[in-house]
Amino acid sequence: MNTFGTRFRVSIFGESHGEGLGVVVDGVPPGIALCEADMEADLARRRSGARGTTPRKESDLPEIVSGVFDGHTTGAPLTVLFRNENTRSGDYSNLVSHPRPSHADRVAAEKYKGCNDYRGGGHFSGRVTLGLVAAGVVAKKILARHGVSVTAAITALGGETDSGRWDEIVEEAVRNLDSVGGVIECTADGVPTGWGEPFFDSVESVVAHLLFSVPAVKGVEFGNGFRAAALRGSRNNDPIISADGRTATNNAGGINGGITNGNPVVARVAVKPTPSISAEQQTWNYTTASVEPLIIKGRHDACIALRAAVVIEAAMAIGLAQFAPE
Amino acid sequence: MNTFGTRFRVSIFGESHGEGLGVVVDGVPPGIALCEADMEADLARRRSGARGTTPRKESDLPEIVSGVFDGHTTGAPLTVLFRNENTRSGDYSNLVSHPRPSHADRVAAEKYKGCNDYRGGGHFSGRVTLGLVAAGVVAKKILARHGVSVTAAITALGGETDSGRWDEIVEEAVRNLDSVGGVIECTADGVPTGWGEPFFDSVESVVAHLLFSVPAVKGVEFGNGFRAAALRGSRNNDPIISADGRTATNNAGGINGGITNGNPVVARVAVKPTPSISAEQQTWNYTTASVEPLIIKGRHDACIALRAAVVIEAAMAIGLAQFAPE
Amino acid sequence: MNTFGTRFRVSIFGESHGEGLGVVVDGVPPGIALCEADMEADLARRRSGARGTTPRKESDLPEIVSGVFDGHTTGAPLTVLFRNENTRSGDYSNLVSHPRPSHADRVAAEKYKGCNDYRGGGHFSGRVTLGLVAAGVVAKKILARHGVSVTAAITALGGETDSGRWDEIVEEAVRNLDSVGGVIECTADGVPTGWGEPFFDSVESVVAHLLFSVPAVKGVEFGNGFRAAALRGSRNNDPIISADGRTATNNAGGINGGITNGNPVVARVAVKPTPSISAEQQTWNYTTASVEPLIIKGRHDACIALRAAVVIEAAMAIGLAQFAPE
Amino acid sequence: MNTFGTRFRVSIFGESHGEGLGVVVDGVPPGIALCEADMEADLARRRSGARGTTPRKESDLPEIVSGVFDGHTTGAPLTVLFRNENTRSGDYSNLVSHPRPSHADRVAAEKYKGCNDYRGGGHFSGRVTLGLVAAGVVAKKILARHGVSVTAAITALGGETDSGRWDEIVEEAVRNLDSVGGVIECTADGVPTGWGEPFFDSVESVVAHLLFSVPAVKGVEFGNGFRAAALRGSRNNDPIISADGRTATNNAGGINGGITNGNPVVARVAVKPTPSISAEQQTWNYTTASVEPLIIKGRHDACIALRAAVVIEAAMAIGLAQFAPE
């Protein structure tokens, strides 16, 4: 459900327009220096503000409620709480009868028998990833102890890989009251050989599980990924060129048989265009029982991929932290 | 590790050249008609024999050891055992010092400190998917009770989507002592609205977790998947056109916010070319401590995708069975 | 670790003298009427105030941070937060070098390498059961939908089963700067036949797991429990006297083969005397490296059993809620 | 359900009169010397033969199906299979309409809608503990690497603690066509400080979870257990007398705050008298819809406690193995 992991366990909670949201992280080793300020850099990367991101401004101030004492983690559950501030719930009043296409509005209403908090998507809001980012900060500190660093960045926006054109693409989407998707690549350097478990807890399985938890992610691939499906083995294989397992190429994205092989772990993630667009759409109106036009009010991101790289980074870090030895 | 699932729990075991392999399935509802013969159709789809598949012939006869009484499941754990028959372990003797590129040989040796059963890949062999197929047969029977059917088929081989050219592509790979990858698409029809859990147990997360457990899978996408990353929201959104949630298009692959929306669930999977090719490759020789040529002996599939569709189907079915109400 | 359950999942967090503590509850069905006031009755039963309980006064005001909307549960994770108010952390400064006998002080320091929050026992404090009580309120509301009610009460204090003598026993313990243990019996009425799972998730296993999580619990028995070990089968067996499984006696405590049999589920729990007593004790002094007298400062309960019945009730309710059908 | 554990995961399967039963153990470290013969000593302790045990003779020959190669564990799942041999299923034909008191017959029929394998109790049979014993052998080998040894023995039979009288007590039960319960004490020596997790995964919680999985166990206590409830704190506390945490007494049974404290871990278990007695009993007859006499046919143990010590030992070992560092 809303908990993931065995060794490093993350439980997220909260809604977009409720009292607050956050995360409980269990399995944090004792003695890691941690304070609220440590989270600011990653939270800032997720925060809106740039062109193409929502005009809703949230300060996203984390409060560490438990698990830290004298500036260090204690080994007990770490709780990070974010209060919601800038909520305009009135904006969402029409989404119950008139659910947004490709959003969770309708499925949530049906699954939870109309009891779900529909304001701003409620628990299905991308805002819930705040907790993931906070947990990611801790995961990255754990990984750093093992010499592992994780970084993610956009590699394509709207199908365009030339970053020089991205501003223009986003601008055009905003101008057209539309949205645009993107691809994010995430690399973990320094992962030792032997992380991961055969079969169900392969590194790909665990990391993909987390990556697909991030709202808007519709595709995940490792190494050559879908390109591998078009290749011959002689071209896709990675010759081992060193006793430590270093390979001449890294088509496998650092993973063989579900286990890390000592090369960088590389994943790519497809982020769909935000379904909340301001242009008129068609959708079912449950009050009138007919397909009708919908104009979505509220404040939305034209390109959620712009804010997602740090979330993907967090997901990868949380996934790898499952395998870090104690 | 080698167990997956809460409500429908699958534990696989066994090695390619050991006594046998199989699966324990827990959470099977009582009263499902089941016998060994029910598994034959799916096992046959996974079996080798076609051009481009391994000359190792195994009868793959399942034995139901527990969980069935008087021709029906009892509700107690179901165990299905397959004995290995056609093992030629001598073939693998040189893989310890001279690990196959892009295979688990080296990482397994390192992770398990040289104690792993290296014969035929041991527990990392694709042969372990026999247990997954057996569990998939049961999962599909459970899903059928809810009106859900799952089917998977190859949609591309070696980058070619025209199926008329696939024989030729496989033939060419065999001739060149090479291998070739493919793409498999899997569709689940009849899935009701509301399956899946927000955040970590989204349908995408759970199904992708299982799909990435299948050896050789390097990419997974749902609905438009990676194509969505290149689209505008106005083009990727699915207008709702009916009170039951039916949409005009199915770009979401039947899933919104991680929850099924009543439309078919559609996943696509990238299967890499078999790393075991007969052509000469370079790899590290741990005895001589240098890069040296390797000629892989043993019997291998030139195109494992040819046998993988039913495995993908099983993985999807096991994933969806997690969400089927009791 | 600090999470329990699959269907109804409880994650507790917090420390005795930190910012706060609480619980995240996942798997709560939507549509249950719930507000902070609903928790007051149970919280009051756990609160100190009576003779023999700690003079530390806490208002224990719950704040529902997530999971409730318009007065009803939403189906998303429910978070309940309690702020600590009346903390006097200076009291605990000497417990690092001079750990209290039979308390977690020393093991926590060793396990967490000196990074644990030692103030008031930190995360090992009985105060952490506040979150359990809050989760228990919800579990009892779920059970009530199935006609199940849970009640717990003290049946013995200091070895005395005559409740008329309990005040005197507690008074004597207080007077002697000592503490005293007790036995609590918990009964769940109305549990249908068939809850529980064979083998590892027997009702006894799941409920005992939770009961032993409660600090100070050192024994758990069901039905005749330890008395059964002294009986003959002819005397311990429960004749079935009705088609619905009602039995003439309930020596089994409502559970056969780990599965409920339709009779009341009855558990008894041994609560040890509070280890924190004011009388002088001997313990190891890590500064002087010798056994030395210890006088425990701080504010403690002479009889924690007086406050524990509602915690036991919560544990039983959370345990049974794992088996309640959706 | 039928799987327990995270780090050392045990999945049991099988029925009393089916093809066979056994266990899959995951998380076994590689390199442990293991063969079938290593299990014989423990299996022999569980085997019938003594006065007061069932006349059903089973050779209980384990077959290691997976997870061992060249005489050592591989790190992959270990599967141990036992074939049933001496089954007389005809004996159980009347138990469907006329369920045995205090046995799982009725609850199993109801829970599994009449599809359960009722022969000899099916999956609810004590015979299923064979798999637990096999897993216990492995768990004990893992613990031995950490200097931990586990032993269990009967301390009371039929309420009598003087072992000189036990033969007579059993003999009398057999003569009276009755059965008799007992108490088993289990001690783990050499457990280091710091095993266990605060709150839900306390050592008591995890070990009790397993102990209550063993059929016929109705009570579990640690250290002074229920006696502690009658004591004053000054009498129940254990003075620490050494820097390594050694205590003058071990009233806590080696566990403080759910965490091991370096002293022996001591648990006591109440085993009820076998419900299957040969003397006439009353129970509901579902065919005639009235209470009627029942004479149980089949072959049963008059004192199952005689065979249970090694099962308790296995449960304790499996529980502690969850906490053994890698």
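The chains carry the letters A, B, C and D, assigned in the order they are written, with residues numbered from 1 in each.
Just so we're on the same page, a residue touches a chain if its C-beta (ideal position, glycine included) is under 8 Å from a C-beta of that chain, and two chains touch if they have at least 3 such contacts.
Keep in mind the model is a prediction, meaning the values are calculated, not measured.
J.: Look at the interfaces A-D and A-C and say which one is made up of more C-beta pairs in contact.
T.: A-C
J.: Looking at C-alpha means, what's the farthest chain from subunit A?
T.: Using the mean of the C-alpha atoms as each chain's centre, the farthest one from subunit A is D.
J.: Using the average of all C-alpha atoms in each chain as its centre, how far is it in Å between subunit A and subunit D?
T.: 45
J.: Taking each chain's centre as the mean of its CA atoms, how far is subunit C from subunit D in angstrom?
T.: Here the centre of subunit D sits 26 Å away from the centre of subunit C.
J.: Would you mind pulling out the distance in Å between where the CA atoms of subunit A average out and where those of subunit C do?
T.: Each chain's C-alpha centroid was found; their separation is 37 Å.
J.: Which residues does subunit D have that touch at least 2 chains other than itself?
T.: Residues 1-3, 12, 76, 111, 123, 198 of subunit D touch two or more partner chains.
J.: Going by the contact rule at the top, pick out the subunit D residues touching subunit C in the complex.
T.: Touching subunit C: residues 1-4, 10, 12, 99, 101-104, 106-108, 110-111, 121, 123-124, 128, 156, 158-159, 173, 176, 178-183, 193-194, 197-202, 204-206, 208-210, 212-213, 215, 217-243, 245, 247-248, 251-253, 256-261, 270-277, 279, 281-284, 286, 289, 291, 305 of subunit D.
J.: Of all residues in subunit B, which touch subunit C in the complex?
T.: On the subunit B side, the touching residues are 6, 76, 198, 325-326.
J.: For the complex, which residues does subunit B have touching subunit D?
T.: 1-3, 9, 11-15, 18-22, 24, 26-27, 30-31, 63-67, 69-70, 72-79, 81, 111-113, 115-117, 119, 122-123
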